[in-house]
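Note that the chains take the letters A, B and C in the order they are written out, and that residue 1 is the start of every chain.
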Amino acid sequence: MAGDIKIHIQNFGLRYSDGTESLHDITLDIYARQINVLFGPAGGGKSTLLRAMNRLNDLTDVVEQTGHILLDGEDITRPGYDIVRLRRRVGIVFARPVVLPMSIYRNITYGLELAGIRDKATLDAAVTRSLQQSALWEEVHDRLGDPAHALSGGQQQRLCLARVLALQPEVILLDEPTSGLDPISTAKIETTMQELKSDYTFVIVPHSVQQAARVADWASFFLQGELIEHGVGREMFLKPKHTRTEDYITGRFG
Amino acid sequence: MTDQHEGQPKRSLSWVEFLIERAIQVSGISAIILVVLIFLFLIKEGTPAFMEVPLSGLFATRWYPIEGYYGLLPLIMGSLIVTIGAAVVSLPLGLATAIFIAEIAPDWVRNILKPFVEVLAGIPSVVIGFIGMLVFAPLIRVTLDIPTGLTAFTGVLLLAWMALPTVVSVAEDVLDAVPKTYRDAGLALGMTRWQVIWRIVLPAGRSGVLMALMLGVGRAIGETMTVMMVTGNAARMPVGLRDFFMPVRTMTATIAAEMGEVAHGSPHYHVLFAVGLTLFVITFAVNIAAASVVFRQVKRAERMLA
Amino acid sequence: MTRTKPPRLSRQTSQRIAFALITLAAIVVVAPIFFIVGYIVYQGISAISWEFLTAYPHNGMKEGGLLPAIVGTLWLTLGTAVVAVPIGIGAAIYLSEYAKDNALTRAIRVAIINLAGIPSVVYGLFGLGLFVIFLNFGTSILAGSLTLGIMTLPVIISTAEEALRAVPQSFRLVSVSLGGTRWQTIRRVVLPQALPGIITGVILGLERAAGETAPILFTVAAFFLPRLPKSIFDQTMALPYHLFVISTQVPGMPIHIQYGTALVLLIFVLSMNVLATLIRNHYRKQRFW
């Protein structure tokens, strides 16, 4: 079921200024219009790799980055690459829902306004579409002017997703997007992903093995900065090739 | 799938951004530029003094500019006496007030006290000088039965009081910085609250207390209007303990009192700038020293100092 | 140190004595504030009248009002703000949002600490040397505002930086991840959130400037000038200097006028203090982060 390669990661490695090596020589393909899962125990470098895909690591103390990441064949790691444009093409949802201190409406239009879009009709349409996509429309359509921080945690996280969807990115990165959420909100977000994957490429760091197994079209198992195994999700969770993957999936270590 | 608004990032916007970010960077280094500029100007206007007046004339005990006597020693001694005195008085008072606010006072008292200490920081020094001159100095004269209340001692008390917001604020930060686990450990061992403060909290905050002292000194040595109004301004060489209860004249007061009257470019003008240069160098040294003691705790202190 | 001597006083007694002394010290510190403010109000209130605030001084300043001094202090406060606010906030943004942890940043911090420590009278000398004489602005509101502005800069930088740093890092991360540039992030998210704190700091800084005497002695202040300044190149009277003049330089000055002047200055300055506190408390309650 291999499709188009959306992101190609080539011999990618990364070290922090405190000397710790976060990622070691990763080579991996992310497939377009699929749910790509990066999983493994904490500290394995999954989030770091996720953030490398829209260069958010630029904000932290990264000492050394080796290798390349290609988005549609274009090297996004090269110096001088237009990062602002990259981040509009590759959106991210973080583990903890962080709504900006403004209204629900402005939270969603924020990214569009940054891109210079002022047209009210365009903004309205984007708000409606992205709220519907993220299954939040029913709950908030009559109070778009309310401050976003008045929403519940689950609603806030769906708002964060809507905020990304408003930009119509090509790739959506999700960093443990349901870690603090109740099962119902978690289910809503997982359903949203399934519904939207015909249009978007998802890369998700799940918050549990169970979630990984539920959503993965493609799965990659990370352990201490190394990619141990990569393959079709269903196959890997039924029949992992490596003993360490199997040990982790079956809960022998966490 | 490219979206409909691609290619729109406006060039004009990034031009504005470019200019704004340059302006921010220039503002960022403005402090360095200004310190250097101030230093250079003090040197430019102050160093001619060393050509015009022989060193032996500057390091003499007689300050009488009208007749060409520019001995700086009485002024330096005056500043030293008042400053050291103020520091000695304000450190224990400030420390005690900080302990009171941080450790002893109930919440409602603390909520009243903190703004009041800030009010103290906000009272203009000319107002404190004014009250010192009209109310405080006569009180000292009568109480101590001395010829005039405008003495070094009067200046010391008022300066100590004025330096308190700085000392209290730094000391409070110091007390806050001592981890709660230290206190809990002490209390768990059956120490009283006072023993915890005296034997654990204060020793743990030693370096911060030292810094509070230095910043208080920095504040006191630069104070101008209050000292000018309450210390009597007699440029005499203090020799004994008795002189503590006599008028003195500080470096700051000398500049403030005489600069308005001198001709630009005269030796007197240059000597006053040299006095300013001396003050600059002293406060520079004191502040560098204080900053290097505990850089982390400086934030509030520098706000109080201004 | 390992052996403890048998205590003379019981531990409870020594705690009681220590706490009593400390409380006494706190009272010694705080009581004079009440006294000074109260005494000035008591002595000065009789001088306050509409005329006192709106008339020109006459008869050797022994009669009339404070109008030129009040207006002058307003001019200087405004001038200080014009000089110090843009540069101060700019520097704070630089330190909080742009500066890396390197030698330049440390040098800037050292410079700010030293700027804060320079005696106010030395600022006066500097203003005289640079603005009045070298740049030939003369004794003027311009020269005085520049001098006071530079003196106020470290206060504004420190408080504004603190306010900017208090804005959660996650807001910046979100804004950047949505394609925001650094400046867009600052302007649309960080600055609006930090604004109340910045305003509080600015007011506290201006409060200091409004009450200062030494920096304006040789740069702007006029002993007696019974007219209002027409431009920034004019000299002006100012409240703090006026109080100094009438209390030390003018023999036979009626005492209630002296206290009245001190009261007006105190109200001017302390109302800014109260305003700053109100703004801070108001927004602290509203903030959800």
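Keep in mind that, in the parts below, a residue touches a chain if its C-beta (ideal position, glycine included) is under 8 Å from a C-beta of that chain, and two chains touch if they have at least 3 such contacts.
Model, not experiment: these values are computed from the prediction.
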item	value
Most centrally placed chain, judged by C-alpha centres	C
Farthest chain relative to subunit C (centres taken as mean CA coordinates)	A
Rounded Å distance between subunit A and subunit C, as computed from the means of their C-alpha atoms	49
Subunit B-subunit C separation of Cα centroids, rounded to whole Å	14
CA centroid of subunit A to CA centroid of subunit B, Å	53
Shared interface positions of subunit C, touching two or more other chains	181, 184
Where subunit B touches two or more other chains at once, by residue number	none
Junction residues of subunit A - those touching two or more other chains	84-85, 88, 115, 167
Subunit B-touching residues of subunit C, taken from the complex the two chains share	11-12, 14-15, 18-19, 21-23, 25-26, 28-30, 32-33, 36-37, 39-40, 86-91, 93-95, 98-99, 104, 107-126, 128-130, 133-134, 150-155, 157-159, 162, 181-184, 201, 204-205, 207-208, 210-214, 217-218, 240-241, 243-244, 247-248, 255, 258, 262, 265-266, 269-270, 272-273, 277
Residue ranges of subunit B in contact with subunit C within the complex	14, 17, 20-21, 23-32, 34-35, 37-38, 41-42, 44-45, 92-94, 96-97, 99-101, 104-105, 113, 115-120, 122-131, 133-135, 161, 164, 168, 191-195, 198, 215, 218, 221-225, 229, 252, 255-256, 259-260, 264, 272-273, 276, 279-280, 283-284, 286-288, 290-291, 295, 298-299, 302-303, 305-306
Subunit A contact footprint on subunit C (complex, rising order)	168, 170-181, 184, 188-189, 192-193, 288-289
Of subunit A, residues touching subunit C in the complex	54, 56, 59, 84-85, 87-88, 91-92, 94, 96, 98, 100-101, 110-111, 113-115, 147, 149, 160, 163-164, 167
